[in-house]
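The chains carry the letters A, B, C and D, assigned in the order they are written, with residues numbered from 1 in each.
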Amino acid sequence: MSLLQEERKIILSNEYVDNFDFAEVEEFVKNASKDLFISHHFKTIDKMLVQPRGGFPTYKKQFALNEFFVEANVDVLPLTIDSNTRLNDYATAKKMLRLSEENDVDMLNGYPLVNHGYRNTRKMVTHFNKPVSLRHGTPDARLLIETAIASGIFEIEGGPITYLLPYSKNFPLDKAFLYWKYVEKICANYSKLNEPINRESFGPLTATLVPPAITIVIQLLEMLLSLEEGVKSFSVSFSQTGSMNQDIVMGAVIRKLSKHYAEQINCGDATINLVYHQWMGAFPTNKDFAEQLINMSTVIASMVGADKIITKTREEASGIPTKEANAKTVANTQYTLGILNGLPNIVDAEEEEILTLEVHAIMEAVFNDPADTLWRKVFNSIKNGIIDVPFSPHIINHNEMITIRDAKKNIRIIKKGNVPIPDRCFEYEKAQCDLTKDTTSIVNDIIHDIGIMQ
Amino acid sequence: MSLLQEERKIILSNEYVDNFDFAEVEEFVKNASKDLFISHHFKTIDKMLVQPRGGFPTYKKQFALNEFFVEANVDVLPLTIDSNTRLNDYATAKKMLRLSEENDVDMLNGYPLVNHGYRNTRKMVTHFNKPVSLRHGTPDARLLIETAIASGIFEIEGGPITYLLPYSKNFPLDKAFLYWKYVEKICANYSKLNEPINRESFGPLTATLVPPAITIVIQLLEMLLSLEEGVKSFSVSFSQTGSMNQDIVMGAVIRKLSKHYAEQINCGDATINLVYHQWMGAFPTNKDFAEQLINMSTVIASMVGADKIITKTREEASGIPTKEANAKTVANTQYTLGILNGLPNIVDAEEEEILTLEVHAIMEAVFNDPADTLWRKVFNSIKNGIIDVPFSPHIINHNEMITIRDAKKNIRIIKKGNVPIPDRCFEYEKAQCDLTKDTTSIVNDIIHDIGIMQ
Amino acid sequence: MKVVTGVVGNDIHVVANRLIELSLNARGFEVFNLGVNTYLEEFFDAVVETGADILLISSLNGEAEGWSREIKLLKSKYKNLDNLVMMIGGNLVVGSADADTIVPKYKNYGFDLVFHQVDLNTGLDTLEEFLKERDK
Amino acid sequence: MKVVTGVVGNDIHVVANRLIELSLNARGFEVFNLGVNTYLEEFFDAVVETGADILLISSLNGEAEGWSREIKLLKSKYKNLDNLVMMIGGNLVVGSADADTIVPKYKNYGFDLVFHQVDLNTGLDTLEEFLKERDK
């Protein structure tokens, strides 16, 4: 029995788990409709795919949500997992699921996939025959991903860095790398049977003043860790920065560099897609304004040339959105994509150059770490602050980097901590900002910068 | 008594008119608050001014509308005139106004300014102390403009071409030129007393597949006819074409050429502003979609760098908008302008060159007309089809030019009629389109192209 | 069959009018298009002159109601218009209202077929149905 | 005056927490920030250790209610917390509800000051008022 098989056995020895019939699952994946594979849609459809967010505890409510989405002409269905499952607490999830089913009140903030099991969930997935994207935030997602793929869910979001630094305070980062390595392997293996399983990284991170260079480096590293294991379809992603130009520059650089680094490790055959998240930071409480913001995000996504857009709703600032609000965003976004034509070709050579230099410098520093494997190099680089994510709640994160917005609302690095931003770039970043102000005004600016969409 | 004074007397000898006290009116204009002059705002405010559309028959309802607008943070108040007044049919307007007042049902599609008179209307204008823009569509607007300025309305939209070709079937074009010459003179005269009265041309024309070259030529000619008479503040305008890139190119070319042609007649001292109309063609009946369209228009206006934007509402397809819907657009547009940052700098040199050549060629043909004055040259050029406006209902218009949209939804000229489009440009325009189709398909394409936002 | 069409009153919205002419021609009608800005007398005069079977009036800017009130009176002054099929479509009120209240009102003004914010082709399909029924 | 602050439960929304620390410092409080993902015991332990006057809890992801139910029981196990000012703010429910129903509920759980979807500065102004009133 291979090591992977042994690990599998351990994961599955869990009283809450479906009794896995791997032969049957393989058969299912082999013969599954191509329509279930987002990787197939990326290849064959020219328009930007639209994917909302959403997950409800019961099968019935999740089914109803999907019906609403299909009615609104969705391209990719989401399946958002509840926070107990994310923490592998299937016992609580089970209890809350039963309460939700009995009382018709939602006692979970997402779909407890492990408890529902793959046999049930597969019925829903194949019924709608649309690609489903798994959205969780789980550091140890091994069982979850086994269950997801067996259910017909062929896109898996997340990664050891992007699902940890923004989502956790204490979970050990080294373990996260190993657990995700398992996920990558599973995805790679199943990818051989039919169309590839698509892996997607979570570029928004903390959605709060994260500078493009940090986001891109993390996207590239999670991509490399995934391709290394044999994944053949990967999506890098980022969320609206607050500056249209910075978004466009980011899009251009991330496309160019993901191709470049994939080729560096001889994985040029993998397909790399670009995903754009509508504004992920603090939303306006005025719901009409929220809709303006959402529409603007769609326009920018088009200018960025994203392959997929992940949407928000007018209710973002108030609480978990209703299915009506969620479906409305999908319909509106599809409409906007249809009427938005004649996109200009935009190139900002100077900004692209600065950003490219920054990314290369950080990547080089990571590669130069003396550790033996890539994941250990990355681990060390986070630990020693070569990679530093503003507003991460995680104890391992350095929190030394400080960013503010310049007059055009581009996010700029004004304190770099241990991040090896080249001198020329750092001077450029600072030159865009007014740094003559005193500390109190700069702090006030940061508070203001977080709330720019409000 | 000067000729102008005589003309004035004739216009005023009309049973529906206020008894004009010109000395008092001059005194009023001289001492009027600078806040009433949009020309003053253009000079002193950096942001794009937001102006809705709107006019109700009764004083009371118009007042209430303005209150809503102010609440929504409007920059410029509109006053849209009803269609009877536009045709100088004050008798019908009076009857319908009375019916509207008595029955609380609107029997007019705008504010019958002449019937209300300047004494009343001025109370409203000075009460709100915001610049008001007069929107009508009147070929003979002499009385209307006298009344408007006396009321404190210091921006006058329209012109002999732009208010005739889209708005009338039979009104004699030569008369329109003469009537508008009067309007320009009046505006120029009053401009000497305080800040300049701003004149604005109506660039949307029929809002239906009008090619950029035609729009720009007409904007430039109305600008020249106005500056000739001494107007010192003029706004050229156009409406969303359906292609973002074409809008941006149009904005760049019209800015450059309006400056150029103003200088040619030694009027370089006049201020030329750029106004952008949110989509003016057929709207979607789905009101949520209409809001997406409106938001997208705002984003494009920002990319065009307009000085003012004129808004639509979610109710455009259904009928005269409620004051609530109208105010909501204003608030939404202001919000979007506030959050839209980091605009890229976009230049499409080839498209700009083609368009510039086209405009120059048509302008030259107009100037080469043997008539003695500019207005007669323009008159002749319209009559003989050197200027040809698609979908104009006016009998004088040639209707020989045919336009369709290319794959990127740019409006392209595929039949030029008598319009002197240079060969190179015409070849370029046609090369963007698929002209191998048969006539029926092309007609179907045109129908489709009219409805692209639906 | 002969159709007189145009846009009533001071209304100058011409786009639908151009499309109506195209569609009627495509459906095999003989079309007399008076264009925009056409007054009631002009419509009836043209019907009489051409011997039209159908009068198809458009209104987009909200004026229709003001004019329609005068139809009965005016029509009574003409002879031989009893078989004339009268239809109207477009935006039939200022502001908005729903078909349930608008249609009966306009039928009362003397129209056989009334289409408030209805797509042109739906309207013309209904016209053809109507003619078939009547001629049975 | 001393304040213990943090985000309750498994909630990892850290942005408000960072701003709260800045604002409290700027207002002259001595701040002990436990950060996100802080359980009730940790809060009370810190209050006892530091001798804090105020406990300021944030909750953003909707977990607050589940935890708050246990406050009275837990607090009764500690001594000398009678003068502790307890305040909570952020998004105090899953989904949405209005302040009229939320505030009394949380007062009942043992909070002196409750701010559902209220701006931070408004909340801290109210806190300062409250302290002034109490110390009169």
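The definition used in the following text is that contacts are C-beta pairs under 8 Å (C-beta built on N, C-alpha and C of every residue); 3 or more make two chains touch, one makes a residue touch a chain.
It should be emphasised that the depicted structure is a prediction, and the values quoted were computed from it without experimental measurement.
A.B. asks: Which number of steps is the smallest that gets you from chain B over to chain D via touching chains?
C.D. replies: 2
A.B. asks: By mean C-alpha coordinates, which chain is most distant from chain A?
C.D. replies: With centres defined by C-alpha atoms, farthest from chain A sits C.
A.B. asks: Using mean CA coordinates as chain centres, what's the gap between chain C and chain D in Å?
C.D. replies: Taking the average C-alpha coordinate of chain C and of chain D, the gap between them is 70 Å.
A.B. asks: Centroid from C-alpha atoms only, then distance chain A to chain C, rounded to Å. What do you get?
C.D. replies: Each chain reduced to its C-alpha mean, chain A and chain C end up 57 Å apart.
A.B. asks: Need the CA-centroid distance for the pair chain A / chain D, whole Å please.
C.D. replies: From the centre of chain A to the centre of chain D is 32 Å.
A.B. asks: Using mean CA coordinates as chain centres, what's the gap between chain A and chain B in Å?
C.D. replies: For chain A versus chain B, the centre distance works out to 46 Å.
A.B. asks: In chain D, which residues are in touch with two or more of the other chains?
C.D. replies: In chain D, nothing touches at least two other chains.
A.B. asks: At least two partner chains per residue is the criterion; list those residues in chain A.
C.D. replies: Not one residue in chain A touches at least two other chains.
A.B. asks: Which of the chains touch, listed as pairs?
C.D. replies: A-B, A-D, B-C
A.B. asks: Which part of chain C faces chain B closely enough to touch in the complex?
C.D. replies: Those residues of chain C that touch chain B are 10-12, 14-15, 17-19, 22, 35-37, 61-63, 66, 91, 93-96, 117.
A.B. asks: Please output the residues of chain A touching chain B within their complex, sorted ascending.
C.D. replies: Residues 241-248, 284, 286, 288-289, 291-293, 295-296, 298-299, 303, 328, 331-332, 335-336, 339-346, 348, 408-410, 452-453 of chain A touch chain B in their complex.
A.B. asks: Mind listing the chain A positions that touch chain D in their complex?
C.D. replies: So the residues of chain A touching chain D come out as 83, 87, 106, 109, 166-170, 206, 208, 282, 285, 315, 318-320, 391-393, 440, 443, 447, 450.
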